[in-house]
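Two complexes are shown next, each including chain A; its partner changes from chain B in the first to chain C in the second.
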Partner chain A sequence: MFRQVLTQQWVSLRSAVLVFVVISFAVPLLTVVYGGGLNAGDLARVAQWLDSSERIGLLIPGIALLLGVVFGLGVWAPDQVGKHVYSLALPVPRWRYALLRFGAGTVLLAAPVAALGLGSFVAAWAVTLPTGLHAYPAQLTFRFALASLVCFAMVFALASATKRVALWLLGGIGGVLLADLLLSAFGSDAEVTAKVITALVTFPGPLSILTGRWALFDV
Partner chain B sequence: MTNAIETWDLCYRAGKTFELRDLALKVREGSIYGFLGPNGAGKTTTIKLLMGMLRPDSGQIGVLGGKVPRDMSRILAEVGYVPERPHLYPFLTVEQAINFHAAFFAGFDMPYAAELLDSFNLPREHRLSALSKGEMGKLHMLLVLAQRPRLLVLDEPTDGLDPVVRRDVLSALLDFCSQGSATVFISSHLVHELERICDWVGVLDRGRLVAELPMHAFKSGIKRIRVENPPSLIGDTPFVLVARETTTMDEIWVVRGWQPPMVQWFEGTGAHVKEIVDLDLEEGFVELLRAARVPAA
Partner chain C sequence: MCSRWRALFAAALLVTPTALRGQGGAEERSRLRALLARADSLWALRVAEDSVTARGQRTARRAQLFPSGDVALALWGAVSSSEGDSMARAASAQLSEFGLVPGAFTRGVVVIQVNAADTAALRRNPAMGRRQPLLLDWVPGDPRGVEKVVYEITRAYARSLDSAASVWLPPGAGEPWSMDRGGERALRWLTESQTSAGSLCLAGDPAGCRRALGLEDAKNPLAARYTAGDIRHMLQEQRYGSARLQACFAGDDGSCLRFAEESRYAGLSPIPASEAVRTSVLRYVRATRGVDAVGRVFAGAPALMGARFARATGQGLDSLVLGWRAWVLSRGRPGRVRTPVGEALAALTFSGVLILLATRRTRWQ
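What follows is the complex of A and B.
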């Protein structure tokens, strides 16, 4: 059963998987391109290279977020087109069906994660680092895996929800924005939207995994 | 005789205009039950309730000895369902779609599926998005028949198909029924189609079940009778009076269960039978709906 769900999801998402595999593999290598001809004595150049490396690293949580969105929506899309009629007629409890879809999506997620890992190790191997600098390919890959999984799980849960739940969520977002608008109109500096976003992206917010430093090379 | 499907006082309201009221269906095990009704009568809604896809406002549903929705997974394992608008994953090939479906049904008969694939002339390697409407209809029928279900629920399975495909699909269905004792619940607004295959018929109109009877009883003895000098009050009749309509000269009665000696009943009331016309099933169906739609006095 799982194999068939995985096959079905692979056929449906393989183009997206391949695109993400290529991007995930390429991004760590970009760091090396910027790091060509490093000289440990040239401190200014090392600092500049580290800065570039860190900026390129910012692409990685972006990829993780995009990966979660594309896969989270993609695994449900074929069922949503048919208003879930076919899947609802299958003799499995709904929770188990969702688990099958989630499991298959997670397996597909492993391909870009593996590509990023491979790219990171190749990049780490290709560059001669000055003393005091270290490469963190395993840590970066693990963090990317975790970030992708969190984003995927969140979008998966939202995409699997009923229209009513989706409307409640949209209503909630609209409510926050409206409250912000009204408060600022009355001269308040409460900034509700900023507070909500901060709560999401700072620990223990679910998106805090995406923030912080994402550099492959660091001290 | 047990019932494969049974509903008790089933009610469901959708919006302000449509309501399914006190539906009491009884589909006997082993029967081929035609669920007739005009468009918008509530056939698809009823089927979605039976399949656990909608929750009734009140009433109970029993399918294959289980309760809906409590026993849904067990029930669905024994039910083959073809929805009104079949939707399979369009990016899969025919073969992949069969494998996907088979994975969920323990009793899926792969050799039978291969046999049907050949007889339906379906290309294994073609993507579903490239199939015609007729081919999609045949594929969906293949999937549910190869499940070897105890109950087939078919929601207008031949709607929009050309006559050749329609014949192929119905032949496969009849072949399947002849091999075992599966119950078939088939909805349609095509009366002649059901006339050929069904042994029971239920007629739904505007959310109400207006008739449920064996097909032979529905078919036999539906007459349109022109009556001169009819009685104004009718007591017990030896036939079922479906409709009664006054014309300038006399009255037109539509009756069911008619036997020639029953003409004496009219003579006994002082009426005179001027003409008796046989009605086919479609005309009988139309008269039944007309009678059901006459507002109560």
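What follows is the complex of A and C.
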């Protein structure tokens, strides 16, 4: 049954998968192109190199987030189009069906992750770095895989949720923003939104995987 | 009503110019006039001495004292007390935050604004009289007042040290520093260095870093820290100067060094690393070993700079310079791309919880 679900998701998401495969492969290589050639006789360009690596590295968590959003929404799209008739007709419990969908989505997610890994290794092989500078293709790929998984799981859960849950979530976000507005109106320095975001993106916050260092080339 | 009475009174005085009661005769009036003229003259002199005219405005410059923490400033009278206090407080905080200049040294100086008048009275103050005066070239309205105060105190401190430390310590080291500005300048120097020592340092050679940073023996700084190739590269614009320089460019390495030594380094610094780079070394010590370590670098018995750093940080010089190099190259960031186990577990746990929620909550229910 997993194969059928996977095939169905591939059919509905193949364009997105291909686009993300190309982007994920190209981004690490962009570091090399943007940073220019670097070899033992061209040490003066190390600063430029590190700069470009860092700047381009900032794109990678963005791609992970986008990947999660597109795939998280995409895996439920066939059910929403068919008003869940197909899934209700299947002789499987709800939890198993959701796991099948998630598993199939994760398999498809592996393609852009593998493409980023391949692009990173190719970029690392294409340059000669001076002593003390290193390429981190494996670490970057692993981090990207985890970040994509977290984003995918988040959007997957949201897309599968009822309208009530969506309303609760939106209400929560609105409440935080409102609290911020009220506090600032009364002259308070407390920044609720900033604190919530900081808590989410700072370890042990669940989204801390999206922040931190993402540079392919570093000290 | 009041003004009408005043007008009537003035008219009465004019109509009957009789001497008022209490006034003496003509002689007495003459003496009083002379006294008043003398007082006016003295006042005008005092005003001229205590003030300067700039852009048509007269500014009082009689020195007034602003002590705060270890810092004491003597600024013009035109400086408001709040501005003077805040300058002294900020300078004191800045010096303590970095920890380079010992509090005992700062307590031994008073920073006097240039052209401040009547500083003799200030010197008679028993607390201030013993302090060494430092001149502050600053005018009210210049936003760099605090920076200049810190600069003057740091420069005086550098002068008070032994010759090796005095040459090495940049006077601007105590100024506010950030990785974005100061660190970037150090990074640029390291990666675009014109000296072979700097290039070796970038390539990860600790001996190159030690030479570039001027941490080794400084008996003959040029020969120790520059190669003839470096000198040729850096003196390219002067290549048609003296005969010795022409010999240098013709390939005689000895002439290059001799030219540089004879012409007082010919514009070459005895230490290849710029002031910004040396400041970054101190900032690295502060970031990794704390404020006290920065103070320890220049405290204690005179020694070579390398020995001073090793003594203050308790680590080998090679390890220190390589650590500094990595710190500058990484712009002070904590580390390279990596995913600690805790972060990976947090991500996986969060994903697991979300999947669990996705299997429970449904549109079907």
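Here is the rule we use: the second predicted complex is superposed on the first by the 211 of 219 C-alpha atoms of A that agree within 3 Å, B and C clash if a C-alpha of one lies under 4 Å from a C-alpha of the other, contacts with A are read in each partner's own complex, and residues count from 1 in each chain.
Everything below uses one rule, namely that a residue touches a chain if its C-beta (ideal position, glycine included) is under 8 Å from a C-beta of that chain, and two chains touch if they have at least 3 such contacts.
The shown structure was predicted, so the numbers you read here are calculated from the model rather than taken from an experiment.
Aligning the shared chain A places chain B and chain C next to each other free of steric conflict.
Residue contacts after overlaying the shared chain place A:11 against chain B, while chain C stays out of touching range.
Of the two partner chains placed by superposition, A:188 touches none, neither chain B nor chain C. Look at A:128: by the touch rule set out above, it reaches neither chain B nor chain C. Comparing chain B with chain C, the partner in contact with more residues of chain A is C.
Of the two partner chains placed by superposition, chain B and chain C are both touched by A:88. Contacts of A:157 after superposition: chain C is touched, whereas chain B is not reached.
By the touch criterion defined above, A:219 reaches chain C but does not reach chain B.
In the superposed model, A:202 lies in contact with neither chain B nor chain C. Rounded to the nearest 10, the angle at the Cα centre of chain A between the centres of chain B and chain C is 150 degrees.
Remark: least CA distance from chain B to chain C after fitting both complexes onto chain A is 5 Å. Residues 88 of chain A lie at the contact with chain B in one complex and at the contact with chain C in the other. Those residues of chain A whose C-beta lies close enough to touch chain B in the complex are 1, 3-5, 7-8, 11-12, 78, 81-83, 85-86, 88-93. Partner chain C is touched in their complex by these residues of chain A: 43-47, 50, 57, 84, 88, 94-95, 98-99, 102, 130-134, 136, 139-140, 142-143, 146-147, 149-150, 152-154, 156-157, 160-162, 165, 203-206, 208-209, 212-216, 218-219.
Looking at the complex, you find that chain C touches chain A at residues 187-188, 190-192, 199, 202-205, 325-326, 329-330, 333, 335-340, 342-344, 346-351, 354-355, 357-365. By the touch criterion stated above, chain B contacts chain A in their complex at residues 51-53, 72-77, 79, 81, 83, 85-92, 96, 99-100, 103-105.
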